[in-house]
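Here chain A shows up in two complexes: once beside chain B, once beside chain C.
Showing the complex of A and B:
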């Protein structure tokens, strides 16, 4: 998100939160979120697709709501009105193709209206057929989760993304000489897929509360959190959405404003300045001295924190103006005394998601598993679950070798910390009897953890395993 | 309702998870957010609660937002029994 987009979104939130307050707030949140997903989608070289991608986001979201909603929520008359409003906003955006001025709300000139009507017609018909034919049961939800994961893979595996770009170029009849994997970018998909999968899994477990279509769409594409999280939980989100927004007190405005300004400073001053010297594919090859390599790596380590937590502060500040208290995503992760604590405080909403929908179910399953009538040894279970979870968290960022190494690094690190802790916990507790000794343990633990995490970022910052390995050798003075 | 739940939980956590039988866990002491119980031991605790009190704790509930100390966990159990 560019700073002008952030300022405009925040100004709109400030206006609604302080002047309009509860009047039409839910509609404002819905409409603003719909507009923002078109506004933020980057331009794509395939004609019309920077418009069709947000349309696809909306269709997926509406379909997901339908299969997760209960009978009563589905029948509510308000839903048709919500669909009409959403379709109407998209139509208005599409009509801007006739404006003689340059495009403001879409990345390029929106495509022909006829295609939009055709898409509405086809998706409407598909929807009708589906509601008549398919049974809304757990199997359909599982199929939908798998479908979302497949789209996710098509976006995150560079080789597949290349073929998606190729296919789309064929579809619109464009030249095939310039196809690149980077041609296809679906802004916000990783976040929206995880929000939707959470609602589908909760529905399967019978834990999803009744939610109307407008609330569901607002939750999935909520504009302050659309591009960089946090990943909220729907039952928490709708509580805030349904609670009337009374006039925000001065304290509330002060906290929201402060949070927003701190976020802007972290992202656009600190992180963007650090980015000038942060480790990247180009400077990784230019630097030879170990000292300089460490400076690049420290700069990257701090940059990624200030960038990401800055965006989170901006999202939390903006949404608080509108009465939505999004969950925290970072809590001083680099000051934590061990790797387990680091992961409890870094991108917390993502790690909580993986704990709830992957780590805990797998751990539960492994605990019940019997191999030759014996339970698996505890260390084996810990090793398997930690590595599998961290590999998946790596792949969430992109399915490449480097993200796999990064995930492996952290999975092994968590396992080693777990075993080390098991071995030394009693001795450490017996030794750290004075505050000074406890501080010595904490500080040395934090320094070690910080450097472990920093070394992991080498794989995250760079795109090839070879360059990453060369940088690691340089860091330790081996060339 | 929670008076016999809390001591049983405290005993299990001290003996089986922390392996310090003499350790006193205060009813309002943070368990998860403080890092005292890691995510793996949290599953041990959930299985213990399910076996002992016959109350199901969902995978999505094993976090500091659902319960972070003995009081909160006891209340959750008492509420579901």
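Showing the complex of A and C:
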């Protein structure tokens, strides 16, 4: 998000939170979130698709609500009105194609309105068919989770993204000579998919509360958190949404304002400055000494933190003005004395998501598993679950070898820390009996963890395993 | 006692302080540009900062001459007793477009390990990639603060037209320096030249001057990359070579044959440069140009110059030099056509080496 977009969004949140307060807040959040997904979607070279991608986001969201909502919530008359409002907003955005001025709310001139009507018709028919399939709800949920994962893979695997770009160009009859994987970018899909999968899994487990369509759409595409999280939980989110927004007190305004300004400073001053000197594919091969390579790596390590946590602060500050208290995502992760604590404090909502929907179920399954009638040894179970979870977190960022190595690095790191902790915990406790010794232990642990994480960023920052390996050798003065 | 903090008060106080700070900044005008991490934390740059794609070149174009010179290696070097200091001024051919620092003319002269007047020759590249005599004079006036023993002023006809003088952003954005040169050395500056950007009080505030301040900070940050990589421009693996087949056009800017009107040329800037150099040895060099043998090369030497205009320019420079007793060298045809890169004045490393070979005896000669 550009700073002007952030300031406009924050100003709108401030106005609604302080002037309008509860009057129409839910509708404002819904309408603003719908507009923002069009507003933030980057321009795509495939004609019209920077408009159709947000439309697809909305269709997927509405479909997901339908299959996750209970019967009572589905029948509520308000839902039809919500659909009419959302469709109306999209129609208005589509109509801006006739405005003689430059497009402001969409990345490029919106496509022909007839196509939009055709999509509405087809989507309506699909929903009609869906109502007849209501008894297959459980199967539909599983199929939908798989479908979301497939779309996710199509976006995250460069080879597949290339073919998606290729196919879309064929569809709109554009030249195929300039096809690139990067042509196809679906803003916010990673977060969208994880929020939706969370609701689907909770529905499967019977934990999902009754939610109306408006609430569901607002949760999934909530504009302050749409592009960079955090990944909230729907039962927590709707509590805030349903709680009447009273005039924010001094403390609320101060905390929200401070959080917002700190976020702006972190992102647009610190992170953007560090970005000039952070490790990347180009400078990785140009750097001429180990010392400078470390400086570039430190710059990247700090940049990624300030960038990401800055956006989180902006989201938390903005949403607080609207009475939504999004969960924290970072808590001084680089100061933690071990890797396990690092991961409990880095992108916390993502790790909590993986813990809830992957790590814990897989651990339960492994515990029940019998190999030659014997349970798996605990260390093996820990190794498998840690590596599998971290590999998936790596793939969440992109399905490439480098993200796989990054996941493997952290998975192994977590396993080693787990074993080391088991072996040395008592001895360490016996040694660290004075505050000084405890401090020595904490500081040395934090330094070691920071450098372990920093080395892992080499794979994250660069695009090829070969370049990453060369940089690691350079860092240790081998080349 | 719990004090109640009112956000509105915080906002008003914060804004008031910021406004006051802006006014103080504009009134005081602290010389922040003179504070530089170069030559202290990072090695000084071998050439003045210039770059259009900063993220890849680890360099950027800024127009604060103090900040530019503070980042240059010459700013640190205390002139040793045995140093014969040569400064080179001129356009992109001196700065070294497509060339690494050691491949530029200054770099080649340093590699040659020359001695002059019993001292070791150390050449400093003060070229800048825009073509304007006035820009050269401005840079020379800053370069004089570093006590040069010899000034090599590489120039070409394209730097002479009056309309080119303020076209360089370095000139346009340094109106004060221009007026100082006007007052002290007689540089002719039109008071109401529309090309010059005047700095208002508002422009001197933090907000008004934010771009320039940000550029200075970015320049310091790119010092890390300069130190880490030694890269200060993009070196493309391929480029479009200088034009060989030329248009059948006899015009040079607005001038048409048969006579090149001397009034359309900024000869005053050249004379000012000589006055700025004062007692310091100055060698004016007509830099090599590409002599094309392609289509219409009977009309034009290259993209820049129709033959008639360039020939008259050379004649004029010879006459002026003789008349004013200037130390002038004409190396216009010293480099073969295949040693030019993407422009009729940009040389390959081999071309620069050839040029250096031509200049070495002349530099040594300056002592006699």
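Operating definition for what follows: the second predicted complex is superposed on the first by the 476 of 479 C-alpha atoms of A that agree within 3 Å, B and C clash if a C-alpha of one lies under 4 Å from a C-alpha of the other, contacts with A are read in each partner's own complex, and residues count from 1 in each chain.
To be clear about the criterion, contacts are C-beta pairs under 8 Å (C-beta built on N, C-alpha and C of every residue); 3 or more make two chains touch, one makes a residue touch a chain.
Values in this document were obtained by computation on a predicted structure and should not be read as measured data.
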In the overlaid three-chain picture, which partner chain does A:352 touch, first (chain B) or second (chain C), both, or neither? first
With both complexes superposed on chain A, which partner does A:425 reach: first (chain B), second (chain C), both or neither? first
Now for A:360: first (chain B), second (chain C), both, or neither, which partner does it touch? first
Give one of first, second, both or neither to describe whether A:295 is in contact with chain B, with chain C, with both, or with none. second
Comparing the two partners chain B and chain C, which touches a greater set of residues in chain A: B
Which of the two partners, first being chain B and second being chain C, lies in contact with A:283: first, second, both, or neither? second
Counting only touches as set out at the top, which of chain B and chain C does A:478 meet: first, second, both, neither? neither
Looking at the overlay, does A:433 come into contact with chain B only (first), chain C only (second), both, or neither? neither
Note which residues of chain B are touching chain A in the complex, please. 18-20, 33, 35, 38-40, 43, 46-47, 58-60, 62-63
State the interface residues of chain C toward chain A in the complex, per the touch definition above. 4-7, 10-11, 54-56, 58, 217-218, 221-222, 224-225, 227-231
Across the complex, what residues on chain A touch chain C? 250, 253-254, 257, 273, 276-277, 282-283, 286-289, 292-293, 295-296, 299
Seen from chain A, its contact residues with chain B in the complex are 202, 205, 207, 338, 340-341, 344, 352, 355-357, 359-361, 363-364, 367, 381-382, 385, 418, 421, 425-426, 429
